[in-house]
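Shared between the two complexes below is chain A, which has chain B as its partner in the first and chain C in the second.
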Partner chain A sequence: MRIHLTRQPIALSLWLLTVLFSQVARAQTAPLAAAPAGPAVSFEKRCYSCHNIGSGNKKGPDLNGVTDRRTRDWLHEYIETPAAFYRKGDPTAVELFKKFAPEVMPDQALTTEEIDAILNMIQALTRKGEVYVPPGAKLARVMGLTDVYAGWRLFTGRDKLQNGGAACISCHTLASAGRLGGGTLGPDLTTANIKYRNPELISILQNPNFPTMSSVFAAHPLSDEEIVKLFALFDHHRRQNPTAQAGATTYDFKFPLLGAITLIGAVVGMNWIWKNRHRGVREEIVRRSRI
Partner chain B sequence: MDVRLQMAMVFHLDKCIGCHTCSVACKNVWTDRKGAEYMWWNNVETKPGTGYPTAWEDQQKYHGGWEQKNSQPDLRMGRRELRVLNIFHNPHLPKLDDYYEPWTYKYEDLFDSPEGADQPTARPISMITGNYVDIEAGPNWDDDLGGSPVYAANDPNLDSLTEEERAQVFEIDRLVFFYLPRICNHCINPACVAACPSGAIYKRGEDGIVLINQEKCRGWRMCVTACPYKKSYYNWSTGKSEKCILCFPRLETGQAPACFHSCVGRIRYLGGLLYDADRLLDTLHVPDDKLVESQREMILDPRDPQVREGALRNGIDARALEACERSPVYRYVKQWKMALPLHPEFRTLPMLFYVPPLLPVMAKSEDGLYDTANAELFSPIEKARLPMKYMASLFAGGNQELVRYALKKQYAVRMFKRLDTVGDVDAAAIKRGLEQLNMTGAEAEQIFRLTALPLFDERFVIPSSHREQALAMLNEDMWAEKGGAGFGFRAAPVRGA
Partner chain C sequence: MHNNLLYIILPYTAFTVAVVFTIYRYRKDGFSYSSLSSQFLESKELFYGSVAWHFGVIGALTGHAIGFLFPKSVLWFNGVPVRLYILETTGLLFGLLALVGIVSLTVRRATSSRVRAVTSKMDVVVVMLLLIQVSLGVYIAVFYRWGSSWFVTSAVPYLRSLWLLQPDLKMIEPLPLIIKLHIVNFYLLLIVFPFSRLVHMLVVPLQYLWRPYQIVIWNWNRRRAQAHAPQPARQPAGVASSADEHAAEGRPVFTR
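Let's look at the complex of A and B:
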C-alpha cells in the first residue's frame, strides 16, 4: 500500500519531527572539533582515563618507558588503530590485548604531530624519572558538606544534569543508590575512588574517555559544579569503607527476586480471576442430568 | 432514509426433513481443512434440544448478543474496558467439548490387522490428536446419537414453560421434534463485528454479508463470544476465526450458496431485502416481544418510488432493485408475515428468517383409536404438541401471536388447497378462516405456489453482483481484480500474520 504523506497527518508530522531532530543533533555535535593545546593537556583528555605515566597500570598499561620498549613506528601504528593492529597478528599487540582484556583501546583521532608530542613528553618524563600529573584534574572549588547529598541527587537522577547527560544511575549502581540499585551496564561505582586516585577520578569525570561513556557524554559533558558534587559522593563512599575491594561487585538479587514474585503473583492471580474459563457447558449439563 | 441492500434468507421449517445434506455440502466446500474439522458453518439441530455448541441459546452462560439497557444497545459480554481485561482469558468461550471433539475411524485397521479370533474393528480416533477417543458428543447429538433426557430436557427455550407443561412435552404419547438448520444470520446489527478488537470483521456494503478478513484477524476470539448464535469459529491451526461467508464467490457469479443449492427439501429461499439503516436505533429501542414487528418495519418496499430513489442515490444498481421486487424473502417476511427471525431478543437483527413448522397435534387415545378430529379449523394449531410459548421463545421474543398467525396462515393455505383438490372440507369454514387472517384466495394460491412448487429461479433471486461498483465506492483500485477469477487467499492464513 502506498502511503500518501498529505493524506496521513500522523505520518507527515512524524516525518517532520525526524527531520527537525536530525538538524538539532547535527548542530549539537558541531562544536566538538575544537583542538586541545599542548601534549600534557591532550594526554589528559585522550589517554589519562586509562593510562598513567609512572604511577602504575589502570585499564591500560603504565606508559613509563614505553618509548624505550617500542619503536616510534610501532607506537604510531598501534595508537592510531589498536584493534586493527591486533587483528593483523602482531605478537606484542596480541599479548597486550590478552593482558588487559576485556578492554579494547579505541582508535585515536590524533594527528601524527600530536602523537609525537605526547610520545616526546613520555620520553622526557621517563628520563627525568617523574610522574605525570594532569594539569587540569582539579576540582573547581573546595568540597562542602552539602555536596555529598547534591551529588547523590545528581547520581540518582533526582536533579537533572545541566548539559542533558543521562543520570549515572541509568547505567551504574552505588551502595546508596536505593533498594533496587541502579543499572548494570557499567560497573558498580561504590569503590570508584578506591580504584582511581583523586586526580584520576576527577579527570574521568571531566573527560570520560571509555568507549561507552565517551559516546554518551561527549556531547553532554558534566559541568564543573556537577563534578565537585559527584566527586564528593564517591569520596564519601571511600571514607565510609576505605578497605573495600576495588572493583568487587556484589550481585544484587533483590530486583530479579521482586520480578519472580510479581510473575508468580500475576500467574496465580490471573488463574484465580479467570478461573471460570475452563468451565464447560456440556460437561455441566451431563453431570447434572446423571445425579 | 439510508437504503441498504441485504442478502436475506428464509428457511421453511415445515419442509425440512433433517437430512443434513446442507451441512455436508458446506463441510465439503469450506470446512474440510485442518483446524476446521469441528466447524459446521451450516448445522441442523433437533428441537427441543441443546444444539451445537451445547446450549448455545443460553446467554447466561455464553454472554453473546446485545442487551438494551437504554437507547443504545450494549454487548452482553461487557463494556470495552472489560473486554480488554479479558482479552487473554476470555471466560465465556465454548470449549471444544461444547462443540465436540471431531473424530474419524481408524479404517486401515480393518485391512491391516493380523489374523486373529476376533473381527477387526475401526475404532474412533480424534481428528485433532489422532488418539483413540470415546465419543461423548457430536454436532447433532440430540438427533443422531440419543441422549434426549440429558440434552432435550436442557433446551433453554423450555424455560418459558411451567413445570406441568415441561412434563407434558416429554410424555411418551406426545413426544415431538422438528429440525432447525442454522447458518450465519448475516445480521444487520452484528455483535461479532462490534466486538472484534482487530477490526477484522466487516459487513460488506453491497450485500450485507458479514466476513472475517483473514489477514487482519488476530485470533482474539471476541467474535466467538459476541455472536449469540455461535456462528463464528476459531481455527486452531491458522489461529484465525472463520465463519459462514454465504458462499459469496458463488453469489457473485449468480449461483446459490452450496447449502441452498443442495437442499433436497427445497426449504431454502434467498433474495435481496432493502432496509433503512437510519432506523436502526429506533428499531432496537423496543421491548423483546415487539422486535419482530419493529424489524419488519425497518424492511422497505422495493416498489415504493421513494425507496427506489433512496436506493439509487446510495449506489444500489437498478437491476438489483428489480431482483428485490421478485425476492421470495420479501414476500415471506414482510408481505405474508409468515417468516420470523430466530431469537430476535439477541437484538442482532438477523437476516435469516424461519417459517415455523406445523407440528403433529395432540389427540385423544381411546379404545385403541387415535382421534385427531377437530371441531374448528384452527384448533390443530392450538393443540400442537409443542406449546406456542416454546415456539414464541424461539422465533418471536416471546410474542405468541406472531407465531400463531404464521402457523394459522400455513394451515389455512393447506386447507384451502385441500378444498380445491380433495374437497372434503367445509368451504364456509375456510372462507371464514381466510377472512380472519386478512387473506385473499389469490394470496393463498401464491403462498401455495412459492411453498410447494417453486422453481429454482423463484427460490433464489440473486441480485446481479456489481463488485466493481462496490470497489469504486470504497475508492479501491477497480482494475486490480480485472481478469481475476475464483477465490482464495493471496497468502494462506497463518499465526502471527
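Let's look at the complex of A and C:
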C-alpha cells in the first residue's frame, strides 16, 4: 500500500512509529551480567551506600536482623523491584517508603544467587552480633599535606577526573566551593565526613551507589588517587567544624539575586536599544480605533 | 511501566507527530505558517512581552541545544568555577527574560479584549504549556543548580539514547519530579507544535533584521469619514458590544 504524505498524515505517523518502536525493541538487549563476587563485596558495591548491618540507619534502614523480620520470598521480591512492591500497596513497603522518604530504593539487578548470598551474610552477622565492615573501604595510601588542596581542585573541576566523571561541583556544594557555591541537585557535602564515618565515606567514594550517582559514575569511577584527595578534603572540613550538624544546609540566594540584577539590566538595556521605537504612532492608532 | 510510557513512547510519538504534521501543514496550508501578529492591536505591553520572551526563549533553547550537541565542551568550559558561574547566570537571565515575557504576554492576552477576540483555544493551550515550561525551567535553574553541568551528565545521555533508538532511562529515573515534569512538558509542546502558531519559528523573517523601518498609520480623516460614512460594514468578531454601540451612532467601525 502506498502512503501519501499529503493525504494520510495519521497513517504515515502510525507507520513511522511502528518502524521506530520495532527498532527500539530490537535494540533493547539484556544487561551484561556482572562478574560473580562474594557477598561482602556485592554488599559493599551495591548496598553499603545506603544500608549498614548493625551500625544504625543510613539513607535506608539498618539490615541487622532483617532475615528474621521478613520472609526470604518477601526480601527477594522487594530487593528486585522495591518501587513496584510499594505501588502494589504492601503495608511494610509503604511504611518503609514513608519512613525513608524522599529516598527511593532503585531496582537491583542482582541474581537470585547473589541476593541469597547477601541475605546469608546478613543472617550470619546478626547471629554472631557482629557489625559489617566493608572489606575494600580503605584508602590506597596515607593522606598527605597537599591532598586537601588537590581534592579541592578535583571537587571544583579545576582538575579533571581521570575517568571522565563530572566534577563534584556540578551537583554538590561545599563551604569552600566558590563565591556562588556548588550545585544543589545533590546534598551539601561540607558535613559528609560527619554524616558518614570514615569507612562509609570511602566506600561511597569507591561505589557511589545512590540512585542519581550510580548511573552517572558506573562508567566513570573515581581512581584510588582521587578518592584519597577527595576524602582528605571532606576530612579537612570535618576538622574545621567538628560540631557541625550533619546534613544541615541553607540555601544561598546570591545566585538568584545575581539573576534578578542581570534581568533588570537586560530590561533597561532593551529600552535603551529600542529607545526610538514608535510609541506615539501606535498610541494614536489605538486612540483613534476607540473613537 | 509509566516510565516507559512517559520517557520512551511519548517522546517518539511527539517527535513523529511534530515532523509529519509540520510537513503536512506546510504542504497543505503553507500560508498558515504565521504567528498571526497582534501587534497592530496594541504595542506597549507587547514590547515587554514579545522582545523579552523571544530573546529569553531563543537563548534558553540555544543553551539546551549546545549542551546536547557538545556535552564534553560544556563540561570543559565549566571546569573553572568563574566560567561555570558566568554560563549559569547567562542561562538564568535568558530563563528570567522568557518568564517575564511569557507572563506579560499571558496577562496581555487575558486582559485585552482586542487580543482575546483573536485568541484561539490552541493559543490558550500553547500559552499555558509555555508558562509551565518556563516556570519549571527557572525553578530548576535556581533550586537544582548547576544545570549546565548535570544536564550534560544526566539528561543528555538519555536524550542521546532516544536519538540512537536505544532508550536508556537509568539516568533520568532518579531525577527529581520537577525535572521530569520539565521533560514531559517539552514532549507535550512538541505534540502541539504543528497544530499551533508555534510553527512560525520555522519561517522566521530574518530579512526583517536588515529591512528599514516601516511606519504603518491609518491615512484617513476621522471626521470626514464620519460625515460620509454609509452604514457600517460587518462587525468584527469579539468586539460586538462596542461595535453595536458605534453602529447605532452611525460611526465607522473597525473592520477586518
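The working rule: the second predicted complex is superposed on the first by the 237 of 291 C-alpha atoms of A that agree within 3 Å, B and C clash if a C-alpha of one lies under 4 Å from a C-alpha of the other, contacts with A are read in each partner's own complex, and residues count from 1 in each chain.
Here is the rule we go by: a residue touches a chain if its C-beta (ideal position, glycine included) is under 8 Å from a C-beta of that chain, and two chains touch if they have at least 3 such contacts.
Since we're looking at a predicted model, the values are computed, not measured.
K.L.:
Would you check which partner chain A:106 touches, where first means chain B only, second means chain C only, and both and neither mean what they say?
P.N.:
second
K.L.:
Answer with first, second, both or neither: which of chain B and chain C does A:171 touch in the superposed model?
P.N.:
After superposition on chain A, A:171 lies in contact with chain C alone.
K.L.:
Quick one: classify A:143 as touching chain B (first), chain C (second), both or neither.
P.N.:
neither
K.L.:
Determine, under the contact definition given at the top, whether A:66 touches first (chain B), second (chain C), both, or neither.
P.N.:
Neither partner.
K.L.:
Which partner does A:117 reach: the first (chain B), the second (chain C), both, or neither?
P.N.:
Neither: A:117 stays clear of chain B and chain C.
K.L.:
Between chain B and chain C, which one contacts more residues of chain A in the superposed model?
P.N.:
C
K.L.:
So, A:267: does it touch chain B (first), chain C (second), both, or neither?
P.N.:
In the superposition, A:267 touches chain C alone.
K.L.:
Once the shared chain is lined up, is A:215 touching chain B (first), chain C (second), both, or neither of them?
P.N.:
It touches chain C, and chain B stays clear.
K.L.:
Could you tell me if A:277 is touching chain B, chain C, both of them or neither one (first, second, both, neither)?
P.N.:
After superposing on A, A:277 lies in contact with both chain B and chain C.
K.L.:
Find the residues of chain A that appear in the contact set with chain B and again in the contact set with chain C.
P.N.:
270, 274, 277-279, 281-283, 285-286, 289
K.L.:
Quick one: in the complex, what on chain A touches chain C?
P.N.:
Where chain A meets chain C, its residues are 5-6, 9, 12-13, 16-17, 20-21, 23-24, 27-28, 104, 106, 156-158, 160, 166-167, 169-171, 177-180, 182-185, 210-212, 215-216, 251, 255-256, 258-260, 262-263, 266-267, 270, 274, 277-279, 281-286, 288-289, 291.
K.L.:
Please output the residues of chain A touching chain B within their complex, sorted ascending.
P.N.:
270, 273-274, 276-283, 285-286, 289-290
K.L.:
Chain A touches which residues of chain C in the complex?
P.N.:
Spelled out, the residues of chain C in touch with chain A are 8-9, 12-13, 16-17, 20-21, 23-24, 27-28, 40-44, 47-48, 51-52, 55, 75, 78-82, 84-85, 88-89, 92-93, 95-97, 100, 141-146, 149-150, 152-154, 164-167, 170-171, 173-176, 213, 215-218, 222, 246, 251-252, 254.
K.L.:
Which residues of chain B touch chain A in their complex?
P.N.:
50, 53-55, 58, 61-62, 86, 88-91, 93-95, 97-98, 136-137, 149-151, 153-154
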